[in-house]
Amino acid sequence: MALRLSMDEADFKALVEEIESQEGYRKPIAFGIARVDRGQLNPEKILQATFPVVNWNENFGSAAIFIAALQATGVEVDFSSSEFVYDVKKKFVKNAMNAFTPYLNLAFGDAHKNVQVIKALDWIAQTEKLKKEYRIVFLFEDDNPLSPEAVYLKLYALSTGKAPLRTVNLTGAFGVLENVAWSFGQPLELAWLREHEIEMKLRGEYPLIESVDKFPRFLSHIIPADNTRILDTSKVRMGAQLHPGTTIMPGASYVNFNAGTTGAVMVEGRISSSVVVGRGSDVGGGASILGVLSGTNGNPVSIGENTLLGANSVTGIPLGDGCIVDAGMAILEGTKVGVSATELAKIAEANPKAKLKKAGKEEMVFFKGLELAGLHGIHFRQNSVNGMIQATRSKREIKLNSELH
Amino acid sequence: MALRLSMDEADFKALVEEIESQEGYRKPIAFGIARVDRGQLNPEKILQATFPVVNWNENFGSAAIFIAALQATGVEVDFSSSEFVYDVKKKFVKNAMNAFTPYLNLAFGDAHKNVQVIKALDWIAQTEKLKKEYRIVFLFEDDNPLSPEAVYLKLYALSTGKAPLRTVNLTGAFGVLENVAWSFGQPLELAWLREHEIEMKLRGEYPLIESVDKFPRFLSHIIPADNTRILDTSKVRMGAQLHPGTTIMPGASYVNFNAGTTGAVMVEGRISSSVVVGRGSDVGGGASILGVLSGTNGNPVSIGENTLLGANSVTGIPLGDGCIVDAGMAILEGTKVGVSATELAKIAEANPKAKLKKAGKEEMVFFKGLELAGLHGIHFRQNSVNGMIQATRSKREIKLNSELH
Amino acid sequence: MALRLSMDEADFKALVEEIESQEGYRKPIAFGIARVDRGQLNPEKILQATFPVVNWNENFGSAAIFIAALQATGVEVDFSSSEFVYDVKKKFVKNAMNAFTPYLNLAFGDAHKNVQVIKALDWIAQTEKLKKEYRIVFLFEDDNPLSPEAVYLKLYALSTGKAPLRTVNLTGAFGVLENVAWSFGQPLELAWLREHEIEMKLRGEYPLIESVDKFPRFLSHIIPADNTRILDTSKVRMGAQLHPGTTIMPGASYVNFNAGTTGAVMVEGRISSSVVVGRGSDVGGGASILGVLSGTNGNPVSIGENTLLGANSVTGIPLGDGCIVDAGMAILEGTKVGVSATELAKIAEANPKAKLKKAGKEEMVFFKGLELAGLHGIHFRQNSVNGMIQATRSKREIKLNSELH
């Protein structure tokens, strides 16, 4: 049975309505068609899924067509699971082409991206068999991902910016993905390398390995904005999110998955998993922002806007806007920080909603780092005469210079 | 009209004199012929210029020939602008071959490099059309660069060591260069990637992207000295200058453009734009030397000879010879530094020309970091008993060990 | 003369015994057959040796066969030198095939790896001439390596884990290896690049250079364990040793040769040459562990198990199990460290064999870093109120979280 041809846009919409009205139908919160790389030894293992287009809480009409295009080839789509993954075959493509007919001539550039995918697959199918290289995945809930295709779809949602950082459920993703050797962007099973090591090495055909990891690199899947720069592909993991205008320098920098920037940020340090850095901030050379599982007791760290983390500084607490952490120092949850009565008043003024302990008779009031978390306009420094870590009201405005880097 | 054939060296020199005596002629301060990579979507955009040979205040005879070879094909060379860029065509090559005749058989190895370029182009032109792939650029002044070719020529001047660091005008270079994706050294327009993303991904032909940046990497254009080592190409940007014997390790190191070394230096940290490091110095693992726009108030930092920057230290002031900055500490312009009367006398002795504040009755004299800038033989340390940052007279001689790295 | 065919296993063993009983015979402590890359200009220079299999104090029977297979082709094996290297020719392969006959059908997977090498060479020799691409190397003593093949064999011994870290003599290795440009894992002579620079650049055929170094990268030669991850190939040098389960992140991390891990370790910092890190330890983002020639006075640093080096910390002394070095601080041999009487008692309890200076009447006892070297359960911190570097009894248990990275 084939999906019928849509005559025009109205007819297409009627078809979508018809599909969506079937019993048990659920609109997928996300879906997409991927080209997959399979295991060399075990082709049942999906090593990588490359999505030309991902949909995240959008394009429910296309989703309906894809579901019906599967059903029309005899596939029973299971709406009761959190996700559904299936092979993309020629008949599926034909069905989708039929349904998309009114849009075929409009699908160019930024318009009708899902239709463009189907058109490209139809074109490919005219000259070669669609082997087991293409997979379609639907997510009906943001539950723990069960398949590599679902993990990749979620990483795409983060890296394309369609889903905000920290909003996607990736629990268990490491258990779902294979650890593989990456050679020119292609994943190779380590066992396959071992099996062929002797012959490949003797023949001079041993592949060049760029990394061994479960995750691919951001730049192997994502095209950044025109004003975004990533000076070394190894520095940004797939699943990171970089706001346009962000620059990732090559020194000690790194952006892990589910971490990144929400504005133009100069990054020369480490943005660990779960960390979010705001517009105009500057992560200095070698600066470290700790992640949920590296010293923050599970509290994700957000850095506000126009905040400067000095070279080789370490931050384990959230910071507000216009803060400065001086070069070389570490401010952690448990760090005792001295604040003079005068500075405390200024800090309180800049943070009217904050409940801050009052100054007594002593010259310095002491806070734990965590008590100052998220405040604006704080300058953390170590007094170089007496070694005390102090917080004062930051005076300096932090500006990124677009010229230098 | 063709440029006439030179009969011998004397005839060649006469020809050069003739060319140079034309009205309005200016000797270019720099020139070179480049192979260019053009935009995939917009071929008018020059994305990269690769120079086999660059000339910087030298080889004025070859420059004259190149100018005349252009003029003889009807091109009007504008001497009034700061730079002049033009396509290299077959006729231009023929003209230059004619003029270079006395040198054609002598142009090998290190001799007559510009003639070698013309010979190679002549050879290429015999089997293929010189499309729009070759460009010649002349700089008549070291003004703000106006074209990508001029920017590249200047970066080459720095990276080949023909122009000393900080002597080349690169103002506005970032505005002239395109931000592109680099795939195996080839620049790709981001818009082109976007246009072909769906089809390339579905066909498994999406290119491997190494970086997204306006600048290429040093090693894509420059052959280092036999005893120079760069353990990772991403760590040195085009426009950096590395003196023979310099080693760039892969950990947290980075050398930006218009920055580098003037002697053999072991680099495991960051040499920011505008920073110059002297012979025998050691930039420890993760050490940061701040650049003009990252915390030095626009003062470029020079590091002298045989100076050691400890692991994870940060330096924001210039340092003289034989200094030590202890691991993990930061010395910035505003850092208050305590010096004992005894040590101050020793420091003064090592720096006879420095005007240093005198010790009074107190045990310690305090300086701002900037007041100690550029002094020799200073050891910066943080007293681990009382937290004070102190300067003493450095005793340790710093030697690089050629065996280890 | 050809080596005779072995009839069965007993016959093979008799043959081995016969070979080993020859006068002057020495069992090699290590041996292997490599495919070599030779200089483009000078083919006598070995630029790289790729071993499909290395033997380190093992497989003496195969060694005997290889020695006899050489001798049977008229080669005089010099047992008096510390190493012997020779070309592998077709006749050698035939001889070895004869001797290995009883094992030819058993040599698959992990069994009889040396026989697999010979079988593969025999197969290759059937269709092409074995030019000068294959070399066999025997080490009779662990003396200073004299040939690139011997250096590579030793690096393999370390990186495959067959030889423990710090047990292999690599003195002079830097003098034996050539500094070359690496392009897709292939070594290129710098002089060759220079000779062809003009033509290759003009033709658009200039090779992509990944690094310039004497050493290749670990991942170009070694297949890591299934649960080992190396997120960037540039971060691990050949000759490093990574215990299964180790993860090398891409930020500021680096593992030099003759350095590495003896258990699953999370590495986001630098493990310098000669450093060994124990199971369950965590080398935080940007943390530096100093090597024998970078600040430790030649004392190699070992880090125990379950020890945490905080982000951007620096360690110049050996540490025991369950230690913590706080983020951003440096503990070096000469660092003065304050310990309270109470904490000193706890530290002494955790280190019953250590001879520690006793507390007197003062509140704090002061130690030099070196005096605390190798102790268990110490927490190094800088008091943020008075700047004092202190050691207390570490309370926190350090666990690596397998989920995050």
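First chain written, first letter: the chains are A, B and C, and each begins at residue 1.
Methods note: a contact is a pair of C-beta atoms (placed from the backbone, for glycine too) under 8 Å apart; a residue touches a chain by one contact, two chains touch by 3 or more.
For clarity, every value in this text was computed on a predicted model and none was experimentally measured.
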Counting shared numbers against all numbers at the contact of subunit B and subunit C, is it over half, same, or under half, different? different
Once the Cα atoms of subunit A and subunit C are superposed, what angle does the rotation have, between 0 and 180 degrees and to the nearest 5? 120
Subunit B to subunit C, mean C-alpha position gap in Å, rounds to 35
Multi-partner residues in subunit B (2 or more other chains touched) are 234, 251-252, 286, 312, 328-329, 382-383, 386-388
Going by the contact rule set out above, which residues of subunit C touch subunit A in the complex? 35, 50-53, 109, 113, 116-117, 120-121, 124, 133-134, 184-185, 219-220, 223-234, 249-252, 268, 284-286, 310-312, 326-329, 382-388, 401-405
Could you list, by residue number, the parts of subunit A that touch subunit C in their complex? 174, 179, 181, 190-191, 193-195, 197-199, 201-204, 206, 208-214, 234-235, 237, 251-254, 256, 270, 272-273, 286, 288, 290-295, 312-314, 316, 328-330, 332, 335-338, 366, 382-383, 386-389
